[in-house]
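Below you'll find the structures, each written out as C-alpha cells.
There are two complexes below, and they share subunit A, which is joined by subunit B in the first and by subunit C in the second.
Up next is the complex of A and B:
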C-alpha cells in the first residue's frame, strides 16, 4: 500500500515536472516575440505615459503630474461627468435590453426605468462634453469629432461595399480572378502616391476630373479638398456645429479611405464566403428560399465573424489613420480634416510640446481601447460562430 | 424583439443627446486673455569692473579639430556636385588640415526631426543646415554656438568689408533678438518672393508695364479676369488676375509690401494685426470679393495656370523661376513674361527673403572653431558665386554681381530679381514659427478670402494673440 503511494507520488512529481518543462518550453518559444513586443510595443507606451507627466518640450522639464491631461479635459470633474453619463447610457441600454427579454409584469416598469436612465445618461454625457469644451482643449475635442466622422463615414461603407463586391465575385462570373486583383490593388498601392492622385482628381480646379464628373449632372464646380463647409450646408440644409456633419474636404478623404480599403474587405469577405457550407444554401433553396432570403438569413449570419473582425480593425485603423490624411489635408480645409492623430503629430513635430502631445496620444489610445471593448461587447454577442 | 430593443435604445439615446445639447445654452466665446510676453534671454548683468579689463583671447590657444561633419539637405546632380567640390576644395586648401564630411541628412524637416532628440549630445553634426526658426528651437535647449564669438575675431573672423558685402537683410536674418542677439547662423544662399507677370497679356489689356502699386495690381487683375489672354491654352481654366496659395510666406510678402512687419524685434512679440497687415489683407479680400482672384487649386497649380496663359499674376519664390519658364514653354506657344517687386505702398519695394542658413552646434572649442572656418569659407564671395550658379539660389554677397554678368545676360528675369535683393525683409526667426504658420496664420488667410464680409481686423487680432501665446509657450522652455 505504502509502496503504491510512493509510486503514485513519484508519478505525480514526474507529471508535474513534465508539465513544467512543457510550460517552460512554451515560454521559451514565445520569448523572442515577447521581447520584441515589450521593447517595441509596451516600452514606447510606458515611455509615452512617462513623458506625458512632464513639461517635456524640446528638453525634459519638471514633473507636472496630470497637468498635460488637465489641458485636454479642463478638469477631472469634467471627465468624471462625461464618464458618468457614458456609464448611465450603458446601464440604461442594459436595463432596456433586459426589459425586452423579460415577460413578467415588471417589463413596463423596466422600460420606463431604462428609458429614464438613458435620457439622463445622454444629458449628463452632453453636459460633461460641454464642460470639457468650455475649459479643455477645443482643438483636441474637435479632432475627436472629426475622427468619429471619418470613422463613421468610412467603416460602414467599406463593410457594405466590400460584402456586396465579394458576394458578386463569389458568383460564377467570367474573369473574377482579375476583378479580385483589381479590387485589391488600391490596398497594396502606397497610400502616399494614391493620395497624391486623389489630390489631382479632387482639385478645386473647374476642369478637375471630379468637377467635370459632377458637371455632367449640372452641378457647379466644388472646392472639394479645400472646402471647410459641412456637406449638409452645401446641400442647402442650414445646420452648424456637431449636427453639421463632415466637411466636403473630409468627405473627399473619406472617399479615398473607402476606395483604399474596400478591396481588402472584399478579399477577406471572399474567404469568409468560401467557408460557408454549400449544403446550407442547397437546403434553403429546396425549402423555397429566394436569393435574397439566402443572402439575408444564411450569408449574413454565417459571415458575421468576418464582419466583426473587419469592423473592429476598421475602427481601430480609422482612429489611427495618418498618411493619406496628412497628404490630402489643405490649409483651406482648416480644422475640419484634422483628426486626432494629425493633431498629435502637429503638436509633437511643429510645436515640439512632447509632454502635451504624448498626453493626447495616450487619451487617443484609451479612446481606441474603449471603443474596441465596446465593439467587442456589443457586436461580439451578435456574432454567429456556427 | 431584440432588434426592436436596439432600435428603441438608439432612438432614446439620440433624443437624449439632442435634448442635452439643446439644454446647453451656447455662449459667446470668452475673449482670450492676452498672453504674457515671451521672455527674452538676457545675459546676466556683469559687475562693474574694478580694474581695467585685460583682453584675453579665448581662441588664442585653440587648435581647430581635424574632422568635422556637416549635415545638409541638398539633392540633385548640380547641387551635389557643387557641394562635393566646395568640400573637397576646402579640405585640400585649408591651412589647418580640417577635413569636412558632408552628409545628406534628408529634407529640412527630416534634419530638424533628427536634431531634436540628439541636441547637446555627441551625435550632433558640427555644422547643420536649418531655417532660423528651427535653429531658434534648438537654442531653446542652449544647443547652438553663438557665432558672435568669432565673427569679429582678428584672426578667424570676417573683416568689416566681408561683413558689409552681405546683403544687409541676409546678414541680419540670423541674429536672433529673442536670444539676446546671438548669431546662430550665416546665410550661404537665399530665395525671395517675387511677382510673376504675363507681359503679353498686360499689353493686350492696354498696359505697358507691370503694376507697382496695389491699386494698379487690382485694376489689371480685375480686367484680366474678364478678358482672356489670346495666347491661353485651349481647354484650360477660366482667366483670372491673381491666384493666392494659402501659405504664410504670401501673408508675409503682402504685409511687408504694405509697409508692415510680422514681428516687433524690440518687444519680441508678433505683430500680425498691424495696420499694414490689416490693409494688406483687406486689399486681398477685396480682390476675391470682386472676382479678380482665386485660390491655387493644387500644388504648383499657379505655375501651370500661368504657363497656360490663364493667370496674369502669381506671387511665389524666386526659386520657381526655371519652373515658371518651363510652364510657359510647355505647350509650344511661349509668351513674354518676367518678375517684379510685389506691388507696394512703400516708397521702395519690400521683398520677403528666406532660406536656410548654416549653423554650428555647441561642442568643444576645437570643433566649433573648425566648423566656423568651414562656414566662413562656404560663405566667402568666390565660393558663394560658385554655389549660387550651381544651385540656382541667389548669392548672399553683393560683390558676386560682378561675376554674374553671364547669368544676368542669359536670364533677364534672374537679373531683375537679383536687383531686388537689397530690399529684403524676413519672416520671424522664432521657435514654434512652423506651428504659428500652419495653425494660426493659414487658417486666418482662408477665413479672410473665403468670406468677403469677414472682419479682417478682428481675425488678425485673434491670430496675433494666438501667435504670441504660442511664442510664450515656446520661450517658457528656457530654463
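Up next is the complex of A and C:
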C-alpha cells in the first residue's frame, strides 16, 4: 500500500517534469524568433510614440508633448470636428440601413433620416478638413490625398483585371501554367529594376515609347512622369491642383503599380476558383443558366472572401508602398506624387526631423488601422462564406 | 426563319454551337495573349535596349542591329557591380540562414508544443504583419546606429549585421510553417517518442524531411525579399562596403542618366538571379503563395 503511493507519487512527479520540460522546450524554440521580432518589430512602435513627443532632430531634444501632432492637425479642435464628422457619417449609414424597421413606412423614413445625418456628417467632415488645411501641415494632408488617389487608382483595377485573367485561365486553357508564370513575373522581379524600364518607356521625350504609342492615335506627346497637371485637365476639364484628381505623373506610377501587382491577384484568385465545388456549376448548368449568369451568381459570391482579402492587403500595401514610388518620382511632378510614406521618409532622411516624422508615421498607422476596420465592417458583411 | 431551321436541323445547331464555342475560345486566348504581351514587354524592352548602341536607344529602335554584349561588361565595371553583387549574395545567404533557423523552430513550437501564453504570443507575432515600415523604420535606424542601446562595435551602420539581423525572423514565415507542421499526424510523434525521440530530434529527423515544400516557399520568399530590399539598405549603408545591388543600381540610375543602354544592362544584371531561382522553382513558388494566400 505504502509502496504503491510512492510509485504513484513519483509517476506524478515525472509527469509534471515532462510537462515542465515540454513548456521549456516551447519557450526555447520560439526564443530566437521572439527576440528579433520583439526588438525590431514591436519595440519600435512604442519607441516611435515616445520619439514623437520630443523635439527630436537627429539627437533627442526637449520634451514638447503634442506639438508634433499639432503641427499636423493645427489644433485638436480641428481633429475633433473631423472625427465628429466621420462619426456622423458612420451613424448616418447605420440609420439608413437599420433604423425604424418596425414601422410601416420604416424604410423610407430611415433613408430620409439617414441621408440627412450623412449629409450633415459630410459637411462637418469637410469643414474639419478645411480647418485642418488652414492651420495644419498642408504637405501631410496633401500626401494623404495622393495616397488615396494611388490606392483608388490601383486596387480596384488590380482586383478586376486579376479576377478576369484568373477566370479565363480557369477554363480549359492550353498553356495555363506558362500564362500564370508570365503574369506573376512582374510581382517577383525587383521593383527598382522594373521601375527603371518604366522610366524609359514613359520618358518625356517625343520619341519615347509611350509618346509614340499615343502619337499613333493622334495625341500630342505628353510629359508623363514629369507632368504635375491633373489628368482631367489634360483631357480638357477645367480643374487644377490636387482637388482635380491624380496628376499624369501619378497615373504613370499607378500604371506601374497595376502592372506589377495584377499577377499576384491572378494567382490567388486562380487558387480560390479551384476551391469552388464543381457540383454547384453543374447544377446551375442543368438549370439552364448562361455562362454569364453563372459568373455573376456563382463565381462572384463564392469568390468574395478572396476578393475581400485581396482588397484588404491591396489597400494596406498601397499605403505602405515605397520603393517604386521613390524611384519613379520626379521633382517637376511636385507634390502630386508624394504619398505619405514618401513624405515621412523625406522628413526623416532628408530633413532630419525625427520627431515630426514619427508623429506623421503614427498618424499614418492610425489611418491604415481605421481603413482596415472600416473595410472589415463594410465588406465583411457582404462576404459570402460558403 | 433561320431559327426554326436551326431547330429542325439538330446537326446544324451543333455545328453553329461549335463554331460559336471556337470563336469564344479564340477570344479568350486573344485576351490572355494580350495580357502576356503587356506583362512581358517591359522585360523585352529592357533586354533589347541593353544590347543597343547609345544612338539606337535614342532613335528607339525595336531591336538592336548588332547586339552590343560589351554593354554588360561596361555597365558592370562602371557601376561597381562586382562589389554590390557579392554584397547582395552574402546578405541574402546570411538572412536566409537566420530566417530558416528561427522560423522552423518557432513554427514547430507554435504548431506542435503546448506552452502557456502560446496563443497570445502567436497573435502578437501576426499583428506585426500589419504595421507599416514607416513606423518601425526610424527607431530601428536608431537601434542600428547604436543610439538607443550600446551595440558590440559601437555602431552597426555600414555593417553586415545591419542588413541581415533585423530580417532573420518574420511572422509570415513562422505562420506558413506552423500551418504545415500542425497538420502532421500525432501518431508520428507518439511513435517517435516511444523510441526515445525528443522534440528537437523529431523536428530534424522526421518533420523537416517531409516539409520540403513549405520550407522551400519560405526560402523563396526570403530570397526575393532580401534580394529586392531597397529602403532599409539605403538607410543603413553610406559607403560601398556593404551596399547591396538595389542601392547600387539606384545610385547608377542617378549617375548614368541618359546612358539608357548601360542602365538597362544594369537592370538586367540585377534581375537575372531572381529569374533563375523563379524558373527553377516556379511551381512551388506560385503554389506556396496560393495555398497560404499571403503576401511576402
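Please note the rule applied: the second predicted complex is superposed on the first by the 338 of 386 C-alpha atoms of A that agree within 3 Å, B and C clash if a C-alpha of one lies under 4 Å from a C-alpha of the other, contacts with A are read in each partner's own complex, and residues count from 1 in each chain.
Keep in mind that, in the parts below, a contact is a pair of C-beta atoms (placed from the backbone, for glycine too) under 8 Å apart; a residue touches a chain by one contact, two chains touch by 3 or more.
Just so it is clear, the structure is predicted and the values come from calculations on it, not from any experiment.
When both complexes are overlaid on chain A, the residue A:304 reaches neither subunit B nor subunit C. Contacts of A:208 after superposition: both subunit B and subunit C are touched.
In the superposition on chain A, contact of A:200 is made with both subunit B and subunit C.
Of the two partner chains, subunit C is the only one that A:362 touches; subunit B does not reach it. By the touch criterion defined above, A:267 reaches subunit C but does not reach subunit B.
Contacts of A:352 after superposition on the shared chain: subunit B is touched, whereas subunit C is not. Ranking subunit B and subunit C by residues of subunit A touched puts C first.
Using the contact criterion defined above for the overlaid structures, shared-chain residue A:332 touches subunit B, although it does not reach subunit C. Within subunit A, the residues touched by subunit B in the first complex and by subunit C in the second are 59, 199-200, 207-208, 349. Every residue of subunit B that touches subunit A in the complex is listed here, in rising order: 1-2, 4-5, 8-9, 12-13, 15-17, 19-21, 23-24, 109, 113, 116, 119, 137-138, 140-141, 235-238, 246-247, 295, 297-299, 301, 431-432, 434-435, 438-439, 442-443, 445-447, 450, 470, 473-474, 477, 479.
Chain contact summary for the complex, subunit A toward subunit B: residues 57-59, 61, 89, 92-93, 96-97, 99-101, 114-115, 118-127, 130, 199-200, 203-208, 226, 228, 242, 330-332, 334-335, 346, 349-353. Subunit C contributes residues 25, 28-29, 31-32, 35-36, 38-40, 42-43, 45-46, 49, 58-60, 101-103, 105-106, 108-110, 113-116, 118, 121, 124-125, 128, 130-143, 147-148, 165-166, 168-171, 174, 198-200, 224, 227-228, 230-231, 235, 246, 249-250, 253, 260, 263-264, 266-268, 270-271, 274-275, 278, 282-283, 285-286, 289-291, 293, 295 to its touches with subunit A in the complex.
The touching residues of subunit A, when paired with subunit C in their complex, are 22-23, 25-27, 29-30, 32-34, 36-37, 39-45, 47-48, 51, 59, 164-165, 168-169, 171, 173, 177, 179-186, 188-194, 196-201, 207-209, 212, 259, 262-264, 267-268, 270-271, 306, 309, 313, 316-317, 319-320, 322-323, 326-327, 340-341, 344-345, 348-349, 354, 357-358, 360-362, 364-365, 368-369, 372.
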